[in-house]
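I'd like to ask some things about the structure below.
To keep things simple, chains are lettered A, B, C, D, E and F as they appear, and every chain counts its residues starting from 1.
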Amino acid sequence: MNQAADLPLWAALPVAALVLLGAGLALVGSIGLLKLRSFYDRIHAPTLGTTLGIGCVLLASMLFFSVLQTRFVLHEILITAFMVVTTPVTLMLLARAALYRDRQEGSAEVPPVPPAAPPVKE
Amino acid sequence: MELVLSLGIGVLAGSGVWLLLRPRTFQVIIGLALLSYAVNLFIFSTGGLRSGSPAILEPGEVGTIAEYADPLPQALVLTAIVIGFATTALLLVVLLAARGLTGTDHVDGRERER
Amino acid sequence: MSAAIIGSAVLIAQIMLVAAMGCATYRILRGPRAQDRVLALDTMYVNAAILLVVFGIRSGSIYYFEAALLITLLGFVATAAASKFLMRGEVIE
Amino acid sequence: MPDSVLLLTLIVLPFVASIGAGLLPTGARDTASALAGAVALIGLGMVWAAYPAISEGTVLRAEFAWMPSLGLNFVLRMDGFAWLFCGLITGIGALVVLYARYYMSSEDPVPRFFAFLLAFMGAMTGVVISGNLIQLAFFWELTSLFSFLLIGYWHHLAAARDGARMALTITATGGLSLFAGILVLGHIVGSYDLDAVLAAGDRIREHALYLPALLLIVLGALTKSAQFPFHFWLPHAMAAPTPVSAYLHSATLVKAGVFLLARLWPAMAGTDAWTWTVGLAGLITMLIGAYIAIFQNDLKGLLAYSTISHLGLITLLLGLKSELALVAAIFHIINHAAFKCSLFMAAGIIDHETGTRDIRRLSGLNQSMPFTARLAMVAAAAMAGVPLLNGFLSKEMFFAEALSAEAPVSTLLNILPIAAMTASAFSVAYSLRFIHGAFFGPEATDLPRKPHEPATWMRFPVEILVLTCIVVGVLPAATVGPFLSLAVHSVLGNHVPYYSLAVWHGFNLPLLMSVVAMVAGILLYLLLQRRLRSDVEGPPVIWRLEGQRIFERVMVFVSWRLARRLEAVLGTRRLQPQLRLLVGIAILAGATAAWWRGFGPGNLPPSPVDPVLLLIWVVGGACSLGAAWLAKFHRLAALILVGGAGLVVCITFVWFSAPDLALTQLTVEVVTTVLLLLGLRWLPKRVQLPGERGPEVLSRTRRLRDLALATGAGLGMAALAYATMTRTPPDLLARHFLARAYTEGGGTNVVNVILVDFRGFDTLGEIFVVAAVALTTYALLRRFRPAQDSVEIPEQQRDQAATDANEAGRAEPGRVADWLLVPFTLTRLLFPVMLIVAMYLLLRGHDLPGGGFSAGMVVAIAIILQYMIGGTEWTEDRLRLRPQLWVGAGLLLAAGTGLAAWLFGRPFMTSYFAYGELPIIGKVPMASALIFDIGVFALVVGATLLMLVALAHQSVRAHRAAPRRAATEAGDD
Amino acid sequence: MTGWIDHLLIAPIVVPMLAGAAMILVGDRSRTVVLALGLLSTAALVVLAIVLLGLAQEPVVRIYRLGNWPALFGIVLVLDRLTALMLTLAAVLGFSAFLFAICRWHRAGAHFHPLFQFQLMGLNGAFLTGDLFNLFVFFEVMLAASYGMALHGSGVARVRAGLHYIVINLVASLLFLIGASVVYGIAGTLNMADLAARMRSVAVEDRGLLETGLGILGIAFLTKAAMWPLGFWLPPTYAAATTPAAAILSILSKVGIYAVLRVWLLLFGDEAGASAGFGGTWLLLGGLATIAFGSIAVLATQNLPRLAGASVMVSSGTLLAAIGTGQVAVTGGALFYLTSSVLAIGAFFLLIELVERGREVGADVLAVTREAFGTGEEDEESPEHEEVGVAIPGTVAILGVTFMACALLLAGLPPLSGFLAKFAILAPLLTYGDGGVPATTWALMVALILSGLASLIAMLRVGIDVFWASPAPRVPRIALLEIASVSLLLVLCAALTAGAGPAMEYMQAAARALHAPGDYLNGVLAVPTTLPGGGG
Amino acid sequence: MRRWLPYPLVALSLLVLWLLLTGSTSPGAFLLGGVLAVAGSGALAALTMPAAHLRRLATIPALLLDILVEIVRSNNAVARIILSPGGTSTRRSGFVRISLDMRSPHGLAALACILTATPGTVWVEYDSSDGTMLLHVLDLIDDEAWVRIVKDRWERRLMDIFE
């Protein structure tokens, strides 16, 4: 916390705001995990954290360290990039798995297997 | 803080021991995983708890104990983590083999008759 | 002043993030379905990554960044494996 | 000839010859017997050569260091008594060898027989010429061992096996007891040396441990000499070939017990305890043996019980507090050897020539083998104590002692003469039975073989022995006198009483007793005629008390049934009780030490509670408890919860300034999860059934006990952790490492410097653990056979295949490829990214968090991700992974880095670092530790992949096997 | 700075290390190269061990500073008599097991040879290291390889027993870690000599905690030493393992004993201040209980491998009890016993398989009822053919002789070293109590004698059944190397009997050094004459 | 050139990744990064990744900006839904099946990333035989509106770039 004292107020305020916003979004997303009723609803919730939530915090971090070290710290971009690429992989697999399981149980909530497409003639 | 971590270690160890004494191989392996978390943290804690102290020396620096955490327990934990990982993997494969050969996932390779 | 602002903001943020992890834990414990648990674990990973970044700000150290980086880069492999398991009955075909 | 050469030859030659005989071809009967005979004769020659010195009272002695620090030296010591026994062993040995040459069938693989016989001869010699009691016990056990082999020589016969087993069990047990007794004796005396022990008689008798020593040693002697209640092994040992019985059960083995009693007589005898144990055992044995002998239908059985009885007589004599009794005992040892050996040989001749030893079948052999009959009659008469034969002389001495001995209690004194006469009468009766039953009466017609006189040389040993009986009986003082005197003097030293070896002592009470016994014996035999002819087996009154039966019952019960029951009670083969014990005892060990000495919290002020970490540990605790709760029925949930707990651990590491630990923990976490998920496929489905909830009483108590153990372990760990954390940690090592990590280790990441340099040897060992585990899992999985209910392809895949099959124009994996289309693209793109991150972690490890291990794990994860999304075949078509090569190369690289220090004359693992200047790039750190870390990296990549891929391949195998199985099942229908 | 002779200290670790790693690289490509590497390594280890045995008799304790760091801060290897003895035993056993394995067993599964080398490396490392945590690491190397050895060949029995073995050892390893970290947390050192030096000066309020940790550490050792009631895993595991694996595993339990000897005597010797003699009574009582249970287990089986496993427990118990008496001369005797028993049990494990090869399947099941003690019906043989001996084929005869030798060794009967080994423990035990003889001495004496009797009865039962009672023994196919490897060990037992004097002197000297570790401490903690540090 | 550097764009990104990781722009970092980047793109080639041929690169910044705006908007929307007390009952969520024209795997991947990154929508399933995609929408007011959003706002622009 020692270094934070060296931070000028103009930077401290946005850093604080961004941190709080990001953490708040992550919390809201996780609350969504509790509140939302069906799995397909809940699957949307964590994306708050994976997008804007972590984005804000990373921005805060970039700002914080860039100002303190008086040079640009760009590491955080990497985390953003990784988050963007990895989240779809998990969510798609998970959604698909849920869909399979629900169809298997004959749940009415999910759409049936699409009708067979006409064979493609090459 | 020490009390929190001690209790954490205790809960991990207790849960681990409980699972260790269960009859299913999967429970045992999970129990061992929890137990090794507890033990790793325990080793780590013997060096004393230092929050927020720097982890890396400056080039050319002669580090002092006033500033830095004891690095030795950390090194020991690293070794313990790696060995724990390896043995967990082995145990997994053995329990799969046991399950395959005996047809049951009971730790004794046979269901307990009563 | 800055220290106080950043300090309290970081503390509040961290508590919010741990609370978020708590929500995820609750979901893991309650389920009801396996997919809910996997989803909650994924959420937990994300929250942990954010927590570590915030911790980096709190301690002013950049050495915890790699941990956050690895959580985002590798954490998903665990959840993806679990999802694959649910979807196909085995992780590697 | 120097003493040492003589004594060594005497003891070593039989063993060497035994090995030689054992190596002879199966059919070499003549060579083997010639060898054995030569050894016996050479031995006899040695005994003869020793006579001049011995007769002057010299004790031959040779000593060799063996275990001098424990007072055990190899001491060979021959005095008159030992000399006498050596004469018996070699002399009778030579006769038995000659006899055996003719007795044993030409089809018999006799070299083995002679090998055992020779070894026994050596062992017996060892017993009698040992000058150290431990050494005596050593040879004592050897006699048991070789007698076991001799008795069991015809091991295809059940009787031989049982007889051998029983003999060894009893005599070796006695031997162990003797061993213990000697240890106690050695403790009393302060030496195991025979001379020292014999000189310390008074000290021994007064010592508090005299009684235990006495009981233990006497137990050894009584078992060996077949004394009541251990007598029953001897009749069963008759399953041995007759030469064996003639040698072991008349002259040598069974005499070892009485030899020992006589040997230790000066040191231990003379107390009431001695008389009560030794004397009483002898008395009972003498009577019982003689009584049973009368009712034996087997010639050898009769002789066996007779031997028991005569040994009882000798033991009784040794038990009395009288020097004269000792003289009588030694005299009877010699006499009994002569007549009993010849009788065994005669019985063997009868058996050999007629094919049976059953007294009831035999009859009138006097006609077909008159010469043998004469010999047997003389020997039997000696056994019965007929005057002018050797047996009469020692019997007279015994009667005299029975009348005059001082017994501790008057009752014993009163019954002694009567007992002596009774036993003597019995011996007359059974001697009569032996002779009358076999040689008189009408000639038997239904014998297995047509009887005739044996070969001349087979009869020769009998002739010699019978001649001895006569000569000694007629001229005792002139023949056996000097030898007996030598033996008696060497035992008693200056305390030899006056004794007379005259044949005629005038009309006295002993002579009257002899006459009475003789008449009573004849009458008894006549009275018992009817009963003895009937088929009733065994003696009246005590026929049910068969020692063998009791022994076997007890043995089966104690050494089998009881042992099995005890093993089940005291041990377990189940894992859970074992783990309960282990955990419980660990808790106890810790708690006991803690309670004994006590420990409280340290004096370090606790650091302020960080609310964030507190909350994190609430989450961690919930995960941990949840995993414990759910692991039975919700495996995936438990797995996920363990992941959560691991994440909390990881955050804790970050919190307390250990980024390296966090990185490693995280990568391990991911790989472990994937591994366990891979394994989950092969575990049985476990769903909670409605009925499964209510735990029964038994399992509830078990769960309560486990809960208590778990709570105890948790609290114990917490207490231990708290106590440790609140103490000022000693910082000597920490200071050292922090101060030198950069200056001498060349890295700013102290943890990494410790890992690859200060304590690099740990890391080296650690990677070998990983390698060993990887190889093991690989080997095990190559033989993996899934359980029946796991073989099938998961239902998800079957369902999908069915759906796809309904869709025209779509191959089975089509759908999967669709769902995975996007993840597939993304994960492939991630592959090089992960590799770059891994390189980053590897190269900076020495200075910043990272290192070979976490880098290796990242690479492994990157590859396994491709397996997950792309599938095994697809991935392996594209990436040629050679995990074993990585493993081997990694290990060699790491070990080689350590070894390279040798080139610079430094110890293993000495590191080297320098900063090199390169053009363009600038200053570059070059540390040998980096190369070491690269070795670690390669190993981790290889080992992790080896395990994961081997596990993944099981699915591929199952897929390949599934259609095949379906086909065969269809064929079966 | 270091002469080549100093490097010999680490050679027993480095040789199998390199051999094993190279074997993995060679892989399946050339069996010959792998075999040659194995032979080279195992033979080299025997030679090295003998050289080190010679070096150990010099008055100085040799140490090897890994990485050239001072003993306190780095890891050191220490060579004293005990270490040299253990190295020799491991090398000899390894060599024999290797010869045995290459006849057929190494083909029973993948990667036998590298695992075998790692096993030897782990054993040697555990014997050599002077550092508590490094001891843990080498325990793990040894165990990891032993898991592979125990599971080699797979199959239901091996996997079932292996699972128990692994789980229990994992728990024991965790206990080891707990104990070691308490030691570090309180004493601030991992070097065993340094720790011993600090034992006296541990603060009163810290001593309880330290002893708690050491108690837990002790449980880890005792589990590996298979003390009752922590050793139930042993008989099934060893019985299920393939023959050469079982032979090499049989020395593993002795590593637990080694650890007790080393650590316990170092830390709780007379110089340990208030902690002297810590836990000795428990060691003695536990040892006695182990002897009792082992003997019962020996009696309760007709199955040779289980019998061998139970014999390992008896031997462990004997050693623990002997060490627990805390007397120098008894410890010396225990070392003699250790040597004899390791060689004997190793030979026995190798022999068992050769013996069973000639037996018909199910023979022993029949035997239990028919021939347990001759209580069954007597065999009906026709009298005409009965009294002619049966010629025994040469192979069976050799097996019979070797079996008998093993039986005598296990029962502690002459003429091989088993008898002297028991004597070596009992004689000083009785000589010590000059006033009265304590009850524990009697107990140990009775236990030793009775355990010998139990072994005798059990071996007699099985031996008669196998060699005498089986109708027309089928001559097993046995390679010369196999019987040679068994004989090698037995010949060593015979040599131990013949050379008991010098051997015992060595053991006594080793025991004296263990009980008065001053030389050890001085040797390890001496300030290095050369400059520390690897830099430059 | 193709042989040594199969994916120049990927290699470039990897180099940037390396530089960001090391936080250094020294010649040494460039050199090492360059070597690793080339090796990394080689590794990708081993996985037979089809190369993407990007066109109309100029449209990318605008697209990114749109995505950012959309992310912020939908974050706000979803957060409201979660936090509003009755938000869970009045709202209707559901699946929308959308027929896509785009076939480029890179394009589809980018589309998936965009849809996932914007809270409120999740890509569930894709069928390559008829090019339909199943989308789950948290706040589904009008099915057709979503089809239009996906096709017009994202798919068309991505097709411009990737096809």
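In this section, a contact is a pair of C-beta atoms (placed from the backbone, for glycine too) under 8 Å apart; a residue touches a chain by one contact, two chains touch by 3 or more.
Computed from a prediction, not measured in an experiment: that's the story for all the values here.
**Student:** What is the minimum number of touch steps required to go from chain A to chain D?
**Tutor:** Minimum step count, chain A to chain D: 1.
**Student:** Enumerate, in label order, the chains that touch chain E and chain F alike.
**Tutor:** Touching chain E and chain F alike, sorted by label: D.
**Student:** Count the touching C-beta pairs: is A-F or C-D ahead?
**Tutor:** C-D
**Student:** Farthest from chain E by Cα centre, which chain is it? Let me know.
**Tutor:** Most remote chain from chain E, centroid-wise, comes out as F.
**Student:** Between chain B and chain D, what is the separation of their C-alpha centroids in Å?
**Tutor:** 40
**Student:** Any idea how many Å lie between the Cα centroids of chain D and chain F?
**Tutor:** About 73 Å separates the centre of chain D from that of chain F.
**Student:** Quick check: how many Å separate the C-alpha centres of chain B and chain C?
**Tutor:** Chain B and chain C have C-alpha centres separated by 21 Å.
**Student:** Based only on mean CA positions, could you tell me how far chain C sits from chain E in angstrom?
**Tutor:** 49
**Student:** Send over the residues of chain A in touch with two or more other chains.
**Tutor:** Residues 1, 29, 31, 43, 45, 50, 73, 75, 78, 82, 85-89, 91-93, 96, 100, 117, 120 of chain A touch two or more partner chains.
**Student:** Out of chain F, which residues touch more than one other chain, so two or more?
**Tutor:** Residues 17, 21, 109, 112-113, 123, 125, 127, 129 of chain F each touch two or more of the other chains.
**Student:** In chain B, which residues are in touch with two or more of the other chains?
**Tutor:** 20, 25, 42, 45-47, 52, 54-56, 72, 79, 83, 86-87, 90, 94-95, 97, 101-102, 107-108, in rising order.
**Student:** For this structure, give each pair of chains that are touching.
**Tutor:** A-C, A-D, A-F, B-C, B-D, B-E, C-D, D-E, D-F
**Student:** With touch defined as at the start, can you tell me which chain D residues reach chain C in the complex?
**Tutor:** The touching residues are 611-612, 615-616, 618-619, 622-623, 626, 630, 634, 636-637, 639-641, 643-644, 647, 650-651, 654-655, 659, 662-663, 666-667, 669-670, 673-674, 677-678, 680-681, 793-797, 816, 819, 823, 830, 833-834, 837, 841, 848-850, 854, 858, 861, 864-865, 867-869, 871-872, 951-952, 955-956, 959.
**Student:** Okay, in this complex, where on chain B does chain D touch?
**Tutor:** Touch list, chain B to chain D: 1-27, 29-31, 33-34, 37-38, 40-42, 44-65, 68-72, 74-75, 77-79, 81-90, 92-97, 99-105, 107-108, 112, 114.
**Student:** Quick one: which bits of chain C touch chain B in the complex? Just the residue numbers, please.
**Tutor:** Residue list for chain C touching chain B: 58-59, 61, 63.
**Student:** Going by the contact rule set out above, which residues of chain E touch chain B in the complex?
**Tutor:** 133, 137, 140, 144, 147, 151, 154-156, 159-160, 162-164, 166-167, 170-171, 173-174, 177-178, 180-182, 184-185
**Student:** Inside the complex, what are the residues of chain A that reach chain F?
**Tutor:** Listed in rising order, the residues are 25, 28-29, 31-32, 35-38, 40-41, 43-45, 47-48, 50-52, 73-75, 77-78, 84-85, 87-88, 91-92, 95-96, 99, 110-111, 114, 117, 120.
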